[in-house]
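Okay, handing you the structure first.
The first chain written gets the first letter, and so on, giving A, B and C; residue counts start at 1 in each chain.
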Amino acid sequence: MSALIDITGLSFRYSDSKALDRVDLSIHEGDSLAVVGPNGSGKSTLLKIMNGLIFPESGGYSFKGVQITEKALKEPIFSKAFHKSIGLVFQNSDTQLFCPSVYDEIAFGPIQMGMDEKQIEQRVGDCLSLLKIEHIKDRAPYNLSEGEKKKVAIASVLALNPEVLVFDEPLNGLDPKTKKFLKGLMIEVNNAGKTIICATHDFEHIKGVFRKVLVLSEDNKAVFLGDYDKIMNDEKFLLQNNLK
Amino acid sequence: MHDWLLKKDEYRPAPDRIFFIDKSMLSIVSRISRLKREERSSTSFFYTLNPGLKFLTTVALVIVISFLRDFSSVVLLFSYFLLSLALIDISEIKKIIGVAVFAFISSAVILTPSVLMGNFLNSLIICIKVVSTVMAVNIFAYTTKNQDVTRSIKTLRVPDILILVFDITIKYIVVVGDIAVNMLNSLKIRSIGKNDHKVASLGNIIGFLFIKSKKFSEDIYSSMLCRGFNGEYTVKESSAGFGLYDYIYIVVNTLLIAGVLI
Amino acid sequence: MHIPDNYLSPSTCAVLGAAMVPIWVVVFRKVKKEITLQKLPVLGIFSAFSFLIMMFNIPLPGGTTGHAIGATLIAVLMGPFVACITVTVALLIQALFFGDGGILAFSVNCFNMAFLMPFAGYYIYRLIKNVAGNNKAGNLVALFLASYVSLNIAAFAAAIQFGIQPILFRSQSGLPLYAPYPIGISIPAMMIPHLLVVGLVEALVSVGIYSYVSRINPEMIHGDKPSRLKPAYAMIVFMVILSPLGLLASGTAWGEWGNEELRKMLGYIPIGMGKGFSFGSLIPGYAIPSINNEVMAYAISAMLGVAIIFISFKAIALYIKK
């Protein structure tokens, strides 16, 4: 089976600093992959590239066998289909929520997809109940707590029913109960056949959720790609890479 | 460890006025708390009116009152707004009266020289008109949810895409305003001496907000792109239809406007 | 400078509203072209930014505080078209949610603060920069002067809008119906505090923010692409400065005021502005003295005033081209 996401020799630099250095990665359908590494190791950059928001300086990225380039995404039909298949939950929920109410927020994607009123209502209702946020559906997103904002952001991405769900530091700054709930949700979504990818610098968050791990080093290289179980007991490696 | 860190400072602060920080904070906090107010849905008259209807009526009344010249019609409309005010919740009545009294005092101060020059009646009319308009607009603003306020301007044929801009604006007044308040707080607790560059400090804070805003806008753009935004945005027509209250409201206002105009 | 309702006559608001609508349409189209529609979060966020700038209280000598409007700063940082939209949205939210500035007077407030100020400020900035050269000091000096002058232009426009009210709108007994002070009073009353204090606040805040942003993140400042200042732009600046005067001149020509009273009033106007009024004196010959409807008379004189200014400046532009 060919990989869903295929990244080879990928490098990226911002105007003054390196962010990714020759990273290789392939992800199959149904995988659950955690991208871990210390602050500044290029995790967010990698996620942005995967979502077609920025484009690699060298190396290639293909999604379902199609090269994702700036030119390819200029084509509106392809661009929309691509963004529908891969959803990103941003690290800062405030940048993701721009609609006047939680309901509108979740309905935003389905409306863009041209669903009819009834289907939209159905889908939004399902997302609300999946995230257990029915009671805040009429509130304004900026009035919510951090945990609620995160749930709304996730619901708004789930509503697109993407094949791949990408999370950027989803558990940062949340209380233990919400963390537990979201971990459970990620497992549930993954069991339902979705591919999930998550960036985090906290190794603790991965346990029991993600089976595969990509470790990025402080100098922006991929230093490990493999099973979580293989690496979790390698104390020396974890310390060396600022993960413990 | 450096020597100075191990010793206590003998420090006597120089006097300095820093109340501009509090004042800035107060004005930002009062605005954002107003936008953040919890949107409870009261079931009394004014809260349940169709927002678009309420908006158009308020605008119509503001226009009508600005054309009126005769004292008794102006007083009639003033009493009508006072009556409307009486129908809303007490916590909000208090706030609106506060604003109205302030509007009255400032108009009175501006118009005093004119009164002394013998222009009493017209000055009084202007004062009452100003207060009435302030009440009318605030009754609308206080009894309408934020999202319905932005939505109601759709009745003036404002394009949907601009309404999206308004919604984003409201939200980021709160988000960027919160950051501003935090920064002002940190400026305040670090203002332990005499700051001769107050304007520069504020310039830095606002400059930082500018950069932050620019980054926000790039991220929102990305997140909209990820969620399939294609440049189109449809604002739902306000789901509330017309109920009994709305018809009563239409009849009362039509009679009132017809009454003062004829 | 937020004018509340009922100080200006509805017809004044309507005339300026009629002027703002095409401006908004042109500006919105231009922005749509400049930044693709998908990038419109920029407009929302910077409207919020523009709203917040007005919330900051700047310490003034004597222990009081004042606030800036920031329209020129945003025009320089983001371009005048974006500034026009963002200030408009900020003013709308102030009017609708907080009752700052009237609903009817919204168009007038937009004309002064969302149109005159950012455009005048932007082109003054470019004009001075072209002279002073593109260096750091030149930038700051240009921004300082542009902010100061453009704020005073906006204040001057407001002063004139106030000042023409008693000339044009009086009750049958001859008493003013709206703002009661003629331009002889309204101009000094508005201009003295703006020239001495508010303008300086505006300029200092602009320079403070600009120097921070250019130090930390210079690439964020609106590109210097359209640096060629076409003569047409300079014309627009002048037209924009003079059109309220034109309105006034054409209005007084028709006005109910006796000549003597008018002269007395004009005595207050600084001599340098005499020129602006001189072409007002051309109009009485064309005035239609039998119009009794003040609204119509106002609209007619306003249109005539604007038309004359437009035509004369187009003529000048043609002459310059030759």
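Following the convention adopted for this analysis, contacts are C-beta pairs under 8 Å (C-beta built on N, C-alpha and C of every residue); 3 or more make two chains touch, one makes a residue touch a chain.
On a predicted model such as this, the values are computed, not experimentally measured, just so you know.
> Which chain has its C-alpha centre closest to the mean of all protein C-alpha atoms shown?
Chain B is the most central one.
> What chain is the most remote from chain B, judged by the mean position of CA atoms in each chain?
A
> Using mean CA coordinates as chain centres, what's the chain A-chain B distance in Å?
That pair's centroid distance is 38 Å.
> Quick one: chain A and chain C, Cα centre-to-centre, how many Å?
That pair's centroid distance is 48 Å.
> Please compute the C-alpha centroid of chain B, do the same for chain C, then give the distance between them in whole Å.
23
> Residue numbers in chain B touching 2 or more other chains?
In chain B, the residues touching two or more other chains are 146, 164, 167-168, 170-171, 175, 216, 220, 224-225, 229-230.
> Hunt down the residues of chain C that sit against at least two other chains at once, touch-wise.
If we look for residues of chain C contacting two or more partner chains, we find 41, 44.
> Would you mind listing the residues of chain A that make contact with two or more other chains?
As it turns out, chain A has residues touching two or more other chains at 98.
> Under the stated contact criterion, what part of chain B meets chain A in this complex?
36, 38-39, 146-147, 150-151, 164, 167-168, 170-171, 174-175, 216, 219-220, 222-230, 232, 234, 236
> Given the complex with chain B, which residues does chain C contribute to the contact?
Against chain B, the touching part of chain C is residues 4-7, 9-10, 13, 28, 36-49, 51-53, 55-59, 63, 65, 77, 85, 89-90, 92-93, 95-99, 102-104, 171, 175-178, 180-181, 204-205, 207-213, 216-217, 220.
> What residues on chain B touch chain C, complex-wise?
Per the stated touch rule, the residues are 17, 19-20, 23-24, 27-28, 31, 34-35, 58-59, 62-63, 65-67, 69, 99, 103, 107, 111, 113-114, 117-119, 121-123, 125-126, 129-130, 133-134, 137-138, 140-141, 146, 149, 153, 161-162, 164-173, 175-177, 180, 198-200, 202-211, 213-214, 216-217, 220-221, 224-225, 229-231.
> Which residues of chain A touch chain B in their complex?
Listed in rising order, the residues of chain A that touch chain B are 48, 51, 53, 76, 80, 83-84, 86-88, 90, 92, 94-101, 104, 108-109, 111-113, 138-143, 156-157, 160.
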